[in-house]
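Below: one structure, written as structure tokens.
Letters A, B, C and D mark the chains in the order given here, with residues in each chain numbered from 1 onward.
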Amino acid sequence: MIQIFITGGTFDKSYNYINGELFFEKTHLPEMLKRSRCQLDLKIETLMMIDSLEMNDLHFEKIISKCKNCNTNKIIITHGTDRMVETAKAIAQAELKNKTIILTGAMIPYAFGSSSDGFFNLGSALSVVQTLKKGVYINMHGQTFNGDKVEKDIKNGIFKSIN
Amino acid sequence: MIQIFITGGTFDKSYNYINGELFFEKTHLPEMLKRSRCQLDLKIETLMMIDSLEMNDLHFEKIISKCKNCNTNKIIITHGTDRMVETAKAIAQAELKNKTIILTGAMIPYAFGSSSDGFFNLGSALSVVQTLKKGVYINMHGQTFNGDKVEKDIKNGIFKSIN
Amino acid sequence: MIQIFITGGTFDKSYNYINGELFFEKTHLPEMLKRSRCQLDLKIETLMMIDSLEMNDLHFEKIISKCKNCNTNKIIITHGTDRMVETAKAIAQAELKNKTIILTGAMIPYAFGSSSDGFFNLGSALSVVQTLKKGVYINMHGQTFNGDKVEKDIKNGIFKSIN
Amino acid sequence: MIQIFITGGTFDKSYNYINGELFFEKTHLPEMLKRSRCQLDLKIETLMMIDSLEMNDLHFEKIISKCKNCNTNKIIITHGTDRMVETAKAIAQAELKNKTIILTGAMIPYAFGSSSDGFFNLGSALSVVQTLKKGVYINMHGQTFNGDKVEKDIKNGIFKSIN
């Protein structure tokens, strides 16, 4: 069984046509999973629906606590990209042994159609969480990074390995 | 480096608005890779652009020969779903030791927009080809199947493990 | 009030991912109208869901009869493009005085996403049915043709005026 | 011949995946016209690419001057919805006799795919500019409003007739 925790981020943002701003209307995960024809045994829980720039210590603690206490060792977390690295590090420091935890997200909201990377990243995270060793990882644009050896290249909107 | 071999299949089909039939206009892979922001070192080659129902022994031989002779041990093959299992078995029998070969595809053409599973499957295959042991696999809808222990459930349009 | 009659055609075709063929699963009209935020007083009725190449005299008679007997003088008919001209002529010959009747459709199914012309044509037909004089028209790709002075340019997939 | 003036607005906004904000990258009009298979004789000019909330007197003057001096009497202006009514009134007051001028736009950017109303509105405006009498109009969601008898219902994101 694979646990998916939803925390918000660009991945799940929608466009509010009344005020022209981005907001969280609902998670797109069920729709995405149906579209993918995924037959995996999944458990989905929304922990929060926020931009990761708004995450504080309480949010980090909640995510870590949920990872620790869920009864599976394969976990995917959908997350805003701006602080994905920070959350990955916080989880890594919590030393949740025996768990494979993957953070993923999107640079363009799934709701924005044919430009979004979210659906690709979800497929990627779902497949790779089943094969990776225990540890905390970021999986974006087809690459898997160790959670403590990755940074976001803000200028180019991609993730990179660091030593 | 990852080698991607394109063979056609539903994954790359387009709609011909003149005669209302599906056909192969071009591969959508470059567009999909750009959209995904993929930074991986990829080599892409189109071996054929056909419906897998039209594949004959010569096509199988070409695919196997290309897998054998390419200078990388990580290979993804985009392929029609109808005979994906057959091709996987043919490659498995060729005993290309030291190669991780993943076949993937789509149930709905990428060109058909927000209903297609192709982009999810591409992300999935790209990430998992980097982590799987040597062998021949089918990766569809977030699942990885051993190439010699899988069948297509034609009625439901999904793949299933067999013993 | 505007009456919309649905007859099928490419406009409403869907892709059957089990057998790879196009078929009529449902009309996309309600979804399209919602997306357009259309506030017009509309009445929608599905007369048939077929490829216009399959239309026979009974189908033509049904369409004409429905146009004649509906209690509004503004009518839009969604229709396959292959025999749209023929149906327009048949309706024109029925001399339904006092009615503005517009046939429209699509060269690419609405269900195929960002390549389809259907949504554009629907907006076009809805606006123009409110301004045109009595008569039978074909409205495609932003142009309005008199129903008895139009042909389909099959080679290029567009409609053209004839004398 | 139909003149299309582009002024920006939600219609043409794109998503900047680096900073998560909406911006004007390019106009989507050529892409939309190609998709629609439009064969009309069109002349397209970008006057500005701004949110209509940022329009000042100089912008209004430029739009009016361009409408006055272009050598056709059929004009479409793509425009932000927030001040579409204001611009329509300003043009109406300029008393450009012998011109049919239609303002249109979108509540959701065309770039956001299958949720956008922009493509529907473009088809609508293109067809109706060919049939309406001289005057200034707003055409949105399949309805044509007299430019001096319309307001935006900000709460619901639609336009309404007023007396």
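Following the convention adopted for this analysis, a residue touches a chain if its C-beta (ideal position, glycine included) is under 8 Å from a C-beta of that chain, and two chains touch if they have at least 3 such contacts.
Quantities reported herein were computed from a predicted structural model and do not represent experimental measurements.
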* Structure fact -> The chain pair with the larger count of contacting C-beta pairs, comparing A-C against C-D, is C-D
* Structure fact -> Per mean C-alpha coordinates, the chain lying farthest from chain A is C
* Roughly how many whole angstrom separate the Cα centroids of chain A and chain C? -> 44
* Structure fact -> Expressed in whole Å, how far the mean CA point of chain C lies from that of chain D is 26
* Spell out, as numbers or ranges, the residues of chain D touching 2 or more other chains. => 107, 113-115, 157
* Hey, which residues of chain C end up touching chain A in the complex? -> 113-114
* To do: Spell out the part of chain B that touches chain A in their complex, as residue ranges.
  => 32, 35-40, 107, 113-117, 119-128, 130-132, 139-144, 157-158
* Structure fact -> So, in the complex, the side of chain D touching chain A is made of residues 10, 15, 17-18, 20, 22, 107-109, 111-115, 154-157
